[in-house]
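So the structure is just underneath, and the comments pick up after that.
Chain lettering (A, B, C, D and E) follows the sequence in which the chains are written, and residue indices restart at 1 in each chain.
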């Protein structure tokens, strides 16, 4: 009976309550409280390449690439477009950059920006006929589209067919690639967060919740969705273009399922809706996957196992959990 | 507080205590949705719970029907809002506060939820058939027939997908579903919502018919005039607390209740 | 003529791939991305029973179906219970579970050219000048049986109706006494069992290897979506469209277009009819 | 009714809609003058909501035309129609449950219509939204405008929905069962608001089952039954018609008390 | 003691998912074991043992990310620091993409699986840069020559006239079967089709019906992914197409074919490239020796009828080159490798200018060789693989199925 009279109570930390209204920030402690979770990870990420050996730097690039894809996924998801086809964005960017370099010998300073923009436009154009779809249906179409393009490349043999295009221009220095990836990743992260918190993002989120209702507010949801597709597509294409030049190779496997599923897994692990979750997720997943490489054959199975266990234990996602622990505490309270 | 202890004089014909809730408390995280609420329903009665918006009517219904147990479980699994339940809830003398909804349906407590959540993708007839899940064949046909008699419109619409029905039609169906599930204690959460005046009156009559079949009814409303003629007793809930309890006449005579819940 | 017959067979195979997936999805709203993995897993399970334990094929087959069903059941209670209602997590977890199964199989060496299940009856006949082996007849019969059976089951049995109820509105289902977790886990078990049954009749047509798992998943998704996710009729239509489309493409355009057809069909059908050929989802969703 | 000097703001001509075999709206025509307040009543399933959906573009008509300010808007996309100045509320409220109440108003405030009406500029949207809510009776200093919609009581949502429709600065406002699910006191406080809008020149169509309140405000009533218009006129005229009584009656029907309990 | 010496590390980055990769690895381990039993390999004056480290580049399907395979490659090279690499990538695109990587880190590589002609092309673009790369196995050109010669025999001696070709739609297989198709056209066969199927195809009825309707005498097929090949093999057997099957179809070439495909394999003909991959040849004792060792160690013959003997040979070629070079320095090792002249299981191996092992059809003492075999019933009625071409390896004659004799 005794324990029935008690219950756990969740409360915001005092410092959060105070610093929520940003004008009231007074002490350095409060400023630190607000800024630390943002700046410490960024600083770590920026300094890390200087201390890592070349192989782990490659892994870091990989993590940023997946991070970009995860961010782009999360961005689309924020406006109700659940995609299972990040590899479409990735592959388009990769192929555009690769083809520009291979056939026209354009340098990376041209191919990467062009691939980013053209990739975004192309993604929006390709997906605009199916923008009306919602939920699973959109997910499935996006899942199929890259597979379709992959088969098209395989069947028609364009862009080198199954062999792909190799010996493309690389980056003059390893560090350039690394910092390009990291900075692209960070810019996306903070840009997306900013967009989503602005009125523009508000509308996107509202479209996710109830597009009929948004329409009744006189907003052209299809145009907005196309814009969202462009933004997400550009982020994904940037990742693809970067990868192409980093490995000096592009092939049909850039449309592979891995590039679609892994980012989603990263978001599921980190927690959707905040971008920080997506970023965190990919920063956990990719290095984990590489660390497991030493295990050989069982690697993927163990990797999946870890993924499953962590999602089951924290269905809300790492980030949400951490954020809650950071901002709130619990205490036992007696019920009157 | 006093109101909670206050037992009204029993209208004739009412039987033993079917359901009694004592000191019910429900927290959604730190918000108190039901605050020390006590309620009692006797067999064969029609009892109304009146309250304005967010008074806690739905929470009370969910607590009695057990849906809240399920909500609690789900929220817990994914670390969402924490729901805390306290108090005592007895049905035919048995403590049921933590019982699963399906167990409660087996014991005869069936809820018709507010704002008509029906099985959108099935047609009307199938909706009613599904409702007979716990009833082995037998009188399923009869019960469906009863619902059709109650709401002749539904019979006409029986082949239409439920999700395409109009708001009012869906409301009728929602009530029909609960009826087919063969309740002993029928909980109705805002059944009048969206019904035309004609149908509101019909429903009030129907509730009386239902009682005649031996079903006890607990119904919530914000605007109770159409129901007034048929109820025996009523409770008034505000902010999760009981503020008034009384027979129909007592409710009718109380000027505040009249103004707030009867529109007179 | 052979186009007609083999198109039919191909369609039925696709329907068999899909039946389990769409059952599970239709009931509990869980897109079981481990479907393909369960399919091939049961194939290997049957192979193991036959070759390691020396059981006859029919017995191994039944055991494999049972095992698959149990795995599906366990999936629900172990993996999905805490994640119900978070589609993203559900999807990733089932997919990860599927990949884990496939990888484990591969790691165990179930990859290569030595694995195949025997056909029930060897040989074949010629109909209208088209040679068909008996196994393909079995596939045909089994497909028809399962699809019809499924429809009857879902629409005319108590559990079937409860399944449908769960699929549509869990809260209301609860309030009329349907146990959501029980039904949910049954749905996974049923879906997994159906995947296994399909495996038992379809796999003997070729050899087995773990990557078939992905293939089956993609086909199942394709069919389910083209048809509309929640309708049996849609599933049939979807498999026919893609099944015949493939064979016709192989015949008239070039065999390598075979795989492109289902993918293109999905994109096309959805662009034109956003909820699949027979899906009512959209219409319902847009009712304001 | 038709006066050339006073061009109707909305004209519905022989509007039809059938869903498969179901005739939801059949051959409905009516006109609405600027500033008029029209009530639509009818039994459940008589096609009221469908009629609204037809006008606002959520459903494509199978026949007939809708003219808004003389312009044909039949079959246009909902956002285009909203952009022209027709705002609506929904029978089952459709708001954004994860957003704070005032943020819900930002969405219409972001539309190009509002920008046009403000002379090509957006204002301080947050302030504007809070102002609007203040007008609607959700006081600026109370917690309500800042609270998540999902945690607000249902009656508030209905009013919020109204506020959202008003944020679009419409010329025609369509209310679909605004009062259902509102408590007496809320109805009492909302009704004058609507009247005020109407006095200020807003044209309003209101669907309602709560006749007593409806009849207090409307100029004219249209009665639908089985998708057809069966009557039109002032409330008194309409209620006097037999057909209406038969289909819809039951205003204030008193049920004789149950002999068992009385 | 030899144990104290620092081992020579041999890296094996390959697709362990494919039977080719798995069996190849087994062959490499077998060779290493043999060498270590003899005390290892002499580097300068010191005998050093060999050690194998493996990196899995995952699946053989074109849809497995190349980047991931390259990561595995790079990790192997930078972490394990192998002195040389054998086997190498399975998929052509991975091989080609990895060429830059391998030459960047200067690790000599003896590739034994991927056969793409893209290798030569890329090699010739910058022979200096890519000099670390060698290929120890055949390529499509050689394989096709064997089959073409067999086609000639079938036409001239057995009177077959109509041919139909099916290939798995990848560059390698298309090039391979294209060579056969071209040859047929040149030599007066009637060709009724040349169709590509996707690697994962699950139904071949269109092809088989076509072959049947248009009365093909021969179906030529090239396919390296087991999946589609298995369906084809079974469907071919089930549909009773009266045409002789010839080409490269792993499930039908494998020693386990009788079990997987069933009695339908009778009369099917296949190439094994190079010799000794899974079929012991009486006339080449080395193949018998290698395969019996293999069977003894692993319990059964290799599954895949291709490239295993190359992997085995590659280790010995490497060991020999190291001993000749007397050092593990990559550039010196490459120079020594270029001078390889080694008589191994698959014949005599020398490298040409493009670092490709020379294969021919004439004499195993001059070049590496392949073999064509047919599934035939022996006296006891058991199905066996009988080498039928070239003559210096043949143990029997080609048999036509009874239903084809007119």
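Quick notes on this structure:
Assume contacts are C-beta pairs under 8 Å (C-beta built on N, C-alpha and C of every residue); 3 or more make two chains touch, one makes a residue touch a chain.
Values in this document were obtained by computation on a predicted structure and should not be read as measured data.
The set of chains in contact with subunit A as well as subunit B comprises C, D. Listing every chain that touches subunit B and subunit E alike gives A, C.
The chain with its Cα centroid farthest from the Cα centroid of subunit C is D. Per-chain CA centroids place subunit B at a distance of 42 Å from subunit C.
Inter-chain centre distance (subunit C to subunit E, centres taken as mean C-alpha positions): 36 Å. Here the CA centre of subunit B is 29 Å from the CA centre of subunit D. Within subunit A, contacts with two or more other chains are made by residues 147, 151, 154-155, 212, 257, 297, 299-300, 315. Among the residues of subunit D, those touching two or more other chains are numbered 49, 58, 90-92, 94.
Residue positions 169, 196, 198 of subunit E each touch two or more of the other chains. Chain contact summary for the complex, subunit A toward subunit D: residues 199, 202-203, 205-206, 209-210, 212-221.
Every residue of subunit E that touches subunit C in the complex is listed here, in rising order: 17-19, 22, 59, 61, 166, 169, 195-198, 200-203, 205-207, 209-210, 212-213, 226-227, 229-231, 233-235, 238-241, 250-251, 254, 256-257, 259-262, 303-304. Of all the residues in subunit C, the ones that touch subunit A in their complex are 31, 79, 82-83, 86-89, 91-93, 95-97, 99-100, 103-104, 106-107, 214, 218, 221-222, 225, 229, 256-257, 259-260, 263-264, 266-267, 270-271, 274-276, 281-282, 285-286, 288. For subunit E in complex with subunit A, the touching residues are 16, 54-56, 58, 62-68, 70-72, 74-75, 78-79, 92-93, 96-97, 99-100, 116, 118, 122, 125, 169-171, 196, 198. Against subunit E, the residues of subunit C that register as touching in their complex are 2-3, 6, 9-10, 13, 106, 109, 111-116, 118-119, 122, 124, 130-133, 135-136, 204-209, 211-212, 215, 246-247, 250-251, 254-256, 258-259.
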